[in-house]
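Each of the next two complexes has chain A plus one more chain, namely chain B in the first and chain C in the second.
Let's look at the complex of A and B:
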């Protein structure tokens, strides 16, 4: 089965993402809900497997998505993840409402983290989240407003030919 | 090396229902899940003392073949159930992470990065 097997069209409200979407879905993410943390990434993995995307690409997408999902759970009050599959790439938009990031350049450095001890006990807060997302992505954009929230755009190409 | 061979060598318990016997390609030991995501390779054995559901989620995302919990720590039923759903075998041993890594290194395993 190939990615082209998907016939679900992107809705008009997401027309700014392009008209060639094969599949798109939006998932809510709840800040502080560690029991459900990671469920969105698991669902996206299943969708990409069903679409016939190669395993190495799925792995990159899901690592980036999972890190971003955990960032929302750890740092934000709430957020959402919008996932888009096109014939040439996979786009993930993560938007949260939370404290935002004061110094993005510093936050992008490996080892820098503002996570609490409680979050570290959950296995996160090593200061590798944003660097891992960037490393796994072909396209990566981040904007943040202190006191409002953070937006991420992740793009991973899947049609290199 | 097959997972069953590691179970025999480490003398650990299988916490999930018996299933396929995956080939273990390498090992990665960490309690920090972002480090696992940054450095693991598919088919690795994740050796950790972190027993919450995020260890299983991380193993799934990183395409780890199995998880070995060290220091006598055990996950709760919900975590074991999640591992069953995601087809990730869970093992547990009383040994420390250091000792497990030493034994597996002697068996010929290299780090997963």
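Let's look at the complex of A and C:
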């Protein structure tokens, strides 16, 4: 592991990178593109809906995915989101090229944000970003290298098969 | 299986298959097949957009008729602020009430007290509520149905309170029955409605119980006889300042209730947003679902532009109605004090809940194992690549995306697309009588 790596594992090992994926798709995300911000999450939501995944699970996926997508839009230069649906879970990999996170432990604390109080009051900006993603997921991993970028893995179990 | 009641009626003879309705339907419930429109009753939320959009007037609101009121011994008209805004300023609410008697109502009942009761119940509910925010107003039946159909996750966020019209329905029965010694069943609680959705909410409440109201008469349907009656009454009696003892007319906050923002302002909630028109509502709810919009306590939504004053059964221009109502609030003597006293006396905390909780509407979509469903998703994605993406609507679906859904669910055939099938194009040309050389004789 390189410097600045930090991993949080919430639940058991998850099937990796799509060997048993029923469906997978990759979406590009552009840093600073606020016009299209949230579009990937919306598309993933539509796919899950069509696949008959229960609504409460979709809601968790969408909240986590949107937060992650916004992190890329707000902080990074570019990135991509890879989405996998397996017979037992939903996996989302978010990878960006950008500044990276200096202190992940700090960033994982509830309420940590570089955004001002007023911005948060209005609903803008981060603050609940990473902890919110973790809270919505069954599995969550983060790796970041300062000056290079950040990688996130989100897993949500569905057991619908 | 529930059969859904709707207020829309399609006149197949008038329908020319021009597809204006197709594009405005917020839940993609409309399809055109063989040149005629059909509406999926599971998806229809009675917004009335298609009524307004149809150039032929082929879609009509089916409300109750005057004949339906005859079964009641004592007919009470329950009137909304919207009605007061439909006439010239020289015609006062009192004139309107007198006119209502002339066309056959035994009493006229406004919603002032019930609106205040609703505000109080809402404030009490907001104070004690601990679930996810924002809470969503239950005033507009179309919004409630939109959430049941498209956002099943959020039904718990719709305030489970009876709207003022329902609270009034109960009171009207109780009050006049006691006053005149008539059985409650013989008293007709007749709502004068600005939109078809409220008629549906009376016939089939969203929560699945029965309404406290009996009938809904469309504002548009009573307008002409009412205006004639008012004019005649004014000619014979001059300007009146009196109403009959059975009538109830107070003026209060409720006059602004039919206008977007009226409810939120009355609540003095710090963090509320007010949204009208379905595409905007959908946008806001989508953003809320994702967490894009946060920290909102209350969401006031109206399906129609400007609020109930924009309903499909209004007569006057909605912007003019809004101006008139705002003027009316300024001009009329405020009697809030007396309203407050009555409300103090009548208000019973906790007794204005819906009779049962709101549930999502079950939509019969493709079923099967996740593998089968995902197979459909993949087929759809493959198929959609072959479509032009111009949403011409000639296949009978509102957009290429919806058409691809239909094909994936085997509700339609790829050959319905005119760019895929020349046969279909030929069929359509015949149907719309398109000539090869329109200039030649």
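Please note the rule applied: the second predicted complex is superposed on the first by the 131 of 161 C-alpha atoms of A that agree within 3 Å, B and C clash if a C-alpha of one lies under 4 Å from a C-alpha of the other, contacts with A are read in each partner's own complex, and residues count from 1 in each chain.
Following the convention adopted for this analysis, a residue touches a chain if its C-beta (ideal position, glycine included) is under 8 Å from a C-beta of that chain, and two chains touch if they have at least 3 such contacts.
Remember, predicted model here, so these are calculated numbers, not experimental data.
**Q** So, A:85: does it touch chain B (first), chain C (second), both, or neither?
**A** Touch status of A:85: second partner only.
**Q** For A:38, select first, second, both or neither according to whether it touches chain B, chain C, the two together, or no partner.
**A** In the superposition, A:38 touches chain B and chain C alike.
**Q** Scan A:28 for contacts with chain B and chain C and give back first, second, both or neither.
**A** A:28 sits against neither chain B nor chain C.
**Q** In the overlay, answer first, second, both or neither for which of chain B and chain C A:139 touches.
**A** After superposing on A, A:139 lies clear of both chain B and chain C.
**Q** Contacts for A:47 in the overlay, against chain B (first) and chain C (second): which applies, first, second, both or neither?
**A** After superposition on chain A, A:47 lies in contact with chain C alone.
**Q** After lining up the shared chain so the two structures overlap, which partner does A:62 touch, if you call chain B first and chain C second: first, second, both or neither?
**A** both
**Q** Let me test your reading of the model: by the given contact rule, A:129 touches which partner, first (chain B), second (chain C), both or neither?
**A** A:129 sits against chain B, while chain C stays out of touch.
**Q** Starting from the residues of chain A touching chain B, keep only those that also touch chain C in the other complex, and list them.
**A** 38, 41-42, 55-56, 59, 62-63, 66-67, 70, 120, 122-123, 132
**Q** Would you mind writing out the residues of chain C in touch with chain A in their complex?
**A** 152-153, 286-287, 289-296, 360, 365-371, 373-374, 376-378, 380, 405
**Q** Mind pulling up the chain B residues that touch chain A in the complex?
**A** 31-35, 37-38, 42, 48, 50, 52-55, 57-58, 60-63, 78, 86
**Q** Provide the residue numbers of chain A that touch chain B in the complex, in ascending order.
**A** Touching chain B from chain A are residues 34-35, 37-38, 41-42, 45, 55-56, 59, 62-63, 66-67, 70, 120, 122-129, 131-132, 135.
**Q** Which bits of chain A are touching chain C when the two form their complex?
**A** Checking each residue of chain A against chain C gives 22-23, 38, 41-42, 47, 50-53, 55-56, 58-59, 62-63, 66-67, 70, 85, 87, 120-123, 132, 160-161.
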